[in-house]
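One structure, pasted below without further comment.
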Amino acid sequence: MNIRKLEELLKKVKSGKITLDEAIAQLKSLPFEDLGFTRIDHHRSLRKGFPEVIWGEGKTSRQILSIMKQLKQKGQNILITRLEEKKARAIQKIFLKSQYYPKSKVLTYLTHPVKPEGKGTILVITAGTTDIPVAEEAVITAQFMGNCVETLYDVGVAGIHRLLYERERMEKAYVLIVAAGMEGALPSVVGGLVDRPVIAVPTSVGYGTSFGGITALLAMLNSCASGVAVVNIDNGFGAGYIASLINRM
Amino acid sequence: MNIRKLEELLKKVKSGKITLDEAIAQLKSLPFEDLGFTRIDHHRSLRKGFPEVIWGEGKTSRQILSIMKQLKQKGQNILITRLEEKKARAIQKIFLKSQYYPKSKVLTYLTHPVKPEGKGTILVITAGTTDIPVAEEAVITAQFMGNCVETLYDVGVAGIHRLLYERERMEKAYVLIVAAGMEGALPSVVGGLVDRPVIAVPTSVGYGTSFGGITALLAMLNSCASGVAVVNIDNGFGAGYIASLINRM
Amino acid sequence: MNIRKLEELLKKVKSGKITLDEAIAQLKSLPFEDLGFTRIDHHRSLRKGFPEVIWGEGKTSRQILSIMKQLKQKGQNILITRLEEKKARAIQKIFLKSQYYPKSKVLTYLTHPVKPEGKGTILVITAGTTDIPVAEEAVITAQFMGNCVETLYDVGVAGIHRLLYERERMEKAYVLIVAAGMEGALPSVVGGLVDRPVIAVPTSVGYGTSFGGITALLAMLNSCASGVAVVNIDNGFGAGYIASLINRM
Amino acid sequence: MNIRKLEELLKKVKSGKITLDEAIAQLKSLPFEDLGFTRIDHHRSLRKGFPEVIWGEGKTSRQILSIMKQLKQKGQNILITRLEEKKARAIQKIFLKSQYYPKSKVLTYLTHPVKPEGKGTILVITAGTTDIPVAEEAVITAQFMGNCVETLYDVGVAGIHRLLYERERMEKAYVLIVAAGMEGALPSVVGGLVDRPVIAVPTSVGYGTSFGGITALLAMLNSCASGVAVVNIDNGFGAGYIASLINRM
Amino acid sequence: MNIRKLEELLKKVKSGKITLDEAIAQLKSLPFEDLGFTRIDHHRSLRKGFPEVIWGEGKTSRQILSIMKQLKQKGQNILITRLEEKKARAIQKIFLKSQYYPKSKVLTYLTHPVKPEGKGTILVITAGTTDIPVAEEAVITAQFMGNCVETLYDVGVAGIHRLLYERERMEKAYVLIVAAGMEGALPSVVGGLVDRPVIAVPTSVGYGTSFGGITALLAMLNSCASGVAVVNIDNGFGAGYIASLINRM
Amino acid sequence: MNIRKLEELLKKVKSGKITLDEAIAQLKSLPFEDLGFTRIDHHRSLRKGFPEVIWGEGKTSRQILSIMKQLKQKGQNILITRLEEKKARAIQKIFLKSQYYPKSKVLTYLTHPVKPEGKGTILVITAGTTDIPVAEEAVITAQFMGNCVETLYDVGVAGIHRLLYERERMEKAYVLIVAAGMEGALPSVVGGLVDRPVIAVPTSVGYGTSFGGITALLAMLNSCASGVAVVNIDNGFGAGYIASLINRM
Amino acid sequence: MNIRKLEELLKKVKSGKITLDEAIAQLKSLPFEDLGFTRIDHHRSLRKGFPEVIWGEGKTSRQILSIMKQLKQKGQNILITRLEEKKARAIQKIFLKSQYYPKSKVLTYLTHPVKPEGKGTILVITAGTTDIPVAEEAVITAQFMGNCVETLYDVGVAGIHRLLYERERMEKAYVLIVAAGMEGALPSVVGGLVDRPVIAVPTSVGYGTSFGGITALLAMLNSCASGVAVVNIDNGFGAGYIASLINRM
Amino acid sequence: MNIRKLEELLKKVKSGKITLDEAIAQLKSLPFEDLGFTRIDHHRSLRKGFPEVIWGEGKTSRQILSIMKQLKQKGQNILITRLEEKKARAIQKIFLKSQYYPKSKVLTYLTHPVKPEGKGTILVITAGTTDIPVAEEAVITAQFMGNCVETLYDVGVAGIHRLLYERERMEKAYVLIVAAGMEGALPSVVGGLVDRPVIAVPTSVGYGTSFGGITALLAMLNSCASGVAVVNIDNGFGAGYIASLINRM
């Protein structure tokens, strides 16, 4: 049923050709997709304050540019993840003010300043320096979504004092993102020190039986500390996103 | 928005308090779930001619009986899969005419005779005799859905002549279901002999590296014969179901 | 026993040198392969209307060209899958009218127009835009086999309204092919909306624990919707093939 | 160094036997554990408002009773997870007012009424009825931690309308916990409908390639919806715990 | 085409109603299965001297007895593998002279004495005493197939001298079967000491990361000694069978 | 060549029937196993001071008793691992002074007092109380081998202060054994605090993705702390054994 | 003990300085390695008629050339496996008469003609044309070891008639090597048709869930045909080697 | 609390402004991190005699140079592992006297001569020549930490006499490191021959089911020889490190 059919139905109601009950019955059986749900979707976008993130992998720079132009016209800020440097450079020639972070392969473009949304600070922690690119993806995402973000890098569990030394900063944070590769033990230790939600991000750092991050992932899922939830391997974006949702509550 | 709100809206249309355009706009933004989609679901059930299959695992016989009574009232035929013998016996005390197949752990109850739906014959083949319980689940499902079903058991590839001997029956079938454990090679051979869709069902028959059916599953997914698609390990029901959908086309 | 031996045997029958019973006994023990099964195979090819698909991987362009020439002489249409662009370019220099699809690595060559074979429409659906190359392989295969094919791309479950909006098109299709990577949830949702067979194609789209398509594959095998069968990861060809077999029934 | 050594040191400071600088140097090198960190730990417990959860697996009922008595003396509420029915019955003979939930194998004992802590509602959703025991563990945990909890069961993706019908309730929730087995697709769909954090709990419901919940876990980790984080298979407690931390922010 | 049709065809040849060429053409297109391949199969059985082995798993004692009676009538010796003790006892009540080996779950019944078939000795070696049940299955199978078998048990690689002490016996054997669990290293060492084929049988002996024999299997497949081939985990029967085939060459 | 042949050879040397060079040549080609290596093995046993450990799994109590009697006659102390309680009880009826540890399934029998062998203390640490049975196996083994053993239980990383509080004891130990299940993070933290070898023992404690200890194992293999080596899952014996070897250096 | 010590000992025997018993006792305790076991090894090499195969992977062409020169001096024929083309070209500049097979990455160099060793024919079969490089490695190895080898390529199970057509050749072979990728079903079918040992070689041919040959390997290990043993993935050399050992019996 | 606060506190103690008890209470609650634990860490470094190893992977040569300069200033010797040749060359331009080992990708720089620390010899053994790069990493690490290291290469189990020939050297060593790929059997054999700790290093040498070292790892974890502990795949550094810790005891 399309708009015209709906119009006809309402005309019949108005003219009394069908009773209210008959009209209700017909409306109930309406295929909802004909009611213009794109608008509802539009509402959802506005409500979330975070319209569309573009997943750069497997898209050509031409495809990405086309999407970016549409989003720019709607006045939206743009975040692109997993974007290879070569494509980023092509995009930056058109979107001159866009910013590209080569380590974490993220590009941002602001049509308007980011509006502060977060209540507290999101603290992003890494076990080693090699985990930083993933952490950076989380940092950029959370900042892009209007959060105040702090970082605490290279405080892995093999030198536990480095971590304990920063206990106060950990306790002040509202949400903590912890990225670690290898044995992925850091979220367990952090989770035991704070009473805030910890989002654990396994990274693909390591070799041999680190299995590209699977060991870290498994360790995090089995954390003996409560209050830890996990995202996909190297998914800094996902961690930054859910941390932002939590921080605006 | 509930029914009352809808009623009010239509009353306003009737009385001219709002224009047609205003009414359409309001209807478009209706949360569709308030329109009573269960009815649409009802339509879907009728259309499929196969309303509800009950997954017996993890349900108590009391829970199952309660669902059965509702379905019986609606005049529907009932199929329960993965039902332990003990529960089945409890159910049969209430539903006296229900039929239980202990090998394949399926129970059926007919409120009305099954209506023929299939165009051709569905042929269910097994590699060994130990695969028969899974095959039987497929057979019962397909018969329950109105199909003519034939079987061809114990024709595994280690004695290829047994299979070739039955080539004519294979060529006559409209859809073929092939259940095999161990190396799961049979669907490939069958798929090379016929020009009909082959639904492959890996079974958990075997030991050691058969890994409870994983080897058979992987072999079937890698079939060098075209025209083969696969369902979950031991999922005779799923094979019978999709074969029935195909056979009524 | 070759033809000459068969001839001699029949001569003996004719001349009465052996009795009928003796001849029958000898014929029964004939190695069947000497009876010229290539002809039977020939019949099979014609019957299927889809003689030979060339698997391009691991073959040189010289080898492929040699096969193509033979097939062309027999007047057959040719489909080559998993063909690297470099080899394709070499082939196109000889087979000028051949068509190459670089995204899905498929090459087709028509010696005669494709004959319509399908009864209804095959609808090919993808969860994301990155799944399109696999979907395209299915589309080309199904068209090559004489089917009317429609597509519905980028309707993944995270924005369920996009999918629901197209419900009518889904319900009209005879067979549905659903390609998805990542969590591979789309076939379950589609399978719950239609009463037609759904062929699910896991794609290798994703990262980390997507494990090159294994996660999507597993999800599809465990679909809680009935009526779903699965092919190998990225096997668009296989999906297109079995969908074609189903659609001509 | 124990308290007495610390006392002596301070006495020496007081009496001038060592300079301030010497004292500082000695204090700096103090093994911090001698400073009585158990008290700090005590503070942490109070601050979290959720002192000790007892993991029942692998502990005898005697061991558990001993721990419970200590906790009761400190006036704390007690939550025991993964407690077999037999042990629970033994415990209930001593702690008469304790409450045992056999489906989810959880026991609670309240020394004082639970204090409301949560800001909004936590909504616990399941795909099927077989996922309810895991969901119930989350419900009890979250209620025990002072949250208002609602439930929405059996709304799996194969009948997507059942879920969409409850969209309003989903949108009202502050945090959502989604438990699903088999293909684990539900969190992706829910995550696409709401703008709140979704905690996904894979359950071990399924057979064959569900691999005791691994398939659901992998699907959830690969969710194409942002805003989803995951806990261990069947870890209803963990989901309830982190949801509670989020809900009190 | 059945025998009657064949008879008619030959009659036509005899009577000159069809030419030889026509008859040949018709015979070529005969579905070979109509020619009575069971007889060919029968030939194959006789030729192999090892007609049917019954896989006991998943068959009832009634089913097994029925097969045994048929085989006994044909005067064949019978070997049943993977037969639970309970079923064996039931069978032994009917087949009084049958012999059951509870450790390896094998039952044999001789209608006639085993005919010697092997050229040399088959030596069955185990790493530990816990591997003996699997080895015994190989021993019984090889003896049943007419071979002279010797055994060498508990000579694992952690005490390499035990093995080296028996070097002469190893060098005298024609075929060697080596069963080992845990790290499965023994076939590599044996394979380096002899110039005869080594059939490696991984056993499910071990715990933790022995993964029910997978570790031993993988080690054997990666043997740095040439001349080693592998059968399935715990497949003593398979090892005894192929060793017998080799030993009769 | 057996002893008699050797005797003859030496007689020929003595009598001058063969030259020294000839004798040397013949001796060189002697199969070494004829030289009586069991004696050498005997030496090895004495030298190790730890003759034979009996792996109880898969052996009957009768078999074990037979081995024990032989070892007792040689005056050796006996350690049996993985011994089910039922078998242990049977053994204790004969070996009255034997001691059985039901939690860790170890039985010891001393024919003479254990001789102190270790230089320092071996400290056995566990993450949780559920890891204690595995730890106890290590403790008994190390004590049986003549070591002074201390324990430190339930100091998992989720409450890092509990561990740090005991730092002095950790630093005093010569070798540390660390048993942990779930995420297996404890060895990394301990390894970062001490400068002594750490033997990590993954335990099968956990559920879901702990995969019976695989997660803990992987985490330990990927420890970011140097100085950590790993044994098989639940292999307390192996950890105690190698720790003993280290401690006597 | 070295040669000089042995000489002294014998001198003492000769001169009567020690008794025969004393000498025997001393000889028994000789570390056997001092007896010059390289010679025994030498014997072993000669006996096997197949001295050293060089594994080319991970060796520089310089290293390989050095080994080849030594082997050439000893008059041995040389086989090098897994040799990259670049290294082969460097070697062929020095060993002009060496032969390189680029598809299977094997190089052979003959210092003397290969001596026939095999009793019958080894038949090497492949499922597809892409499996030929692996098969070729087996062919060259077996020929190099003095066997008569025949080949039968591209007879995969999806066109079973191609295989059956060649049944006579299969039945004539003494040993059969069967290489297959994808679902690896061919050895099962071949094993059911012949009464000779079948060496199955899984190849890494396939994509997606073929997992680089694991699926084929698993299928072969689970062959329902008796008489099949398996070597490592792509291990054509190993198959050729053990087939040669079998064929010379 | 920083140093000034501590100073003030002690001043108050001295001046009697607060009682000893009050001071103790305040000190106990001090955040330990403010006590200057970096110094404690410093102590730990000195004590270990092995301050910082730099993991080269994922760091730029600029980052590495910056760390090296700091360490050089502190007068420390430097070891860098997993350093690509390109980065090494850049570093060697600045640190002229640094030494790079391209096979094992290790770079060392000595600011002062290595001080002997080890009590006995560490013997590093490999199964094949291809395992040498990993072994070399262990050798360099152990030498860098002040140990006397010997090597024994290419003594794999397929030619067991090669290993036995060197038994004396094995027995003399204090600690043994055994590196092996493929089936990883060597540590078991070595562990059975010596009474010293064996550190097993699985290497990624092999193909097919060697799975990049997983098979060797699993075999080593399941060693039937006691006294074997395992490190990560290809982790020569880790093996050398723990062997050094053991050798200095």
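Order as written gives the chain letters A, B, C, D, E, F, G and H; numbering starts at 1 within each chain.
We take it that a residue touches a chain if its C-beta (ideal position, glycine included) is under 8 Å from a C-beta of that chain, and two chains touch if they have at least 3 such contacts.
Since we're looking at a predicted model, the values are computed, not measured.
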Touching both chain B and chain F (chains): A, D, E, G
Fewest touching-chain hops separating chain D from chain G: 2
Pair exhibiting more inter-chain C-beta contacts, F-H or C-G: F-H
Far-end chain from chain C, centres as C-alpha averages: F
Fraction-based call for chain D against chain C, same above half, different below: same
Recurring contact interface, reference E-G, options C-G, C-D or F-H [over half identical by residue number]: F-H
Most distant chain from chain H, judged by the mean position of its C-alpha atoms: B
Between chain C and chain B, distance of the C-alpha-averaged centres to the nearest whole Å: 24
Centroid distance [mean C-alpha coordinates] between chain F and chain A, Å: 50
Averaged-CA centre spacing for the pair chain H and chain A, given as whole angstrom: 39
Residues of chain E touching at least two other chains: 32, 37, 40, 128, 159, 164, 208-210, 214, 217, 221-222, 226, 232-233
Pairs of chains satisfying the touch condition: A-B, A-C, A-D, A-F, A-H, B-C, B-D, B-E, B-G, C-D, C-E, C-G, D-F, D-H, E-F, E-G, E-H, F-G, F-H, G-H
Contacting residues of chain A [partner chain B, same complex]: 3, 6-7, 10-11, 13-14, 16, 20, 23-24, 27-30, 32, 35-37, 39-40
Touching residues on chain E, where the partner in the complex is chain G: 44, 47-48, 53, 119-120, 174-175, 195-199, 217, 221-222, 226-233, 237-239, 241-242, 245-247, 249
Parts of chain B lying in touch with chain D, wherever the complex brings them together: 31-33, 37-38, 40-41, 55, 57-59, 63, 82, 202, 204, 212-214, 217, 232-235
Chain G residues touching chain C - in the complex, by the definition given at the top: 128-130, 159, 161-162, 164-168, 205, 207-210
Chain C to chain D touching residues, read off their complex: 127-128, 156-160, 164, 182-185, 188-189, 191-193, 206, 208-211, 214-216, 218-226
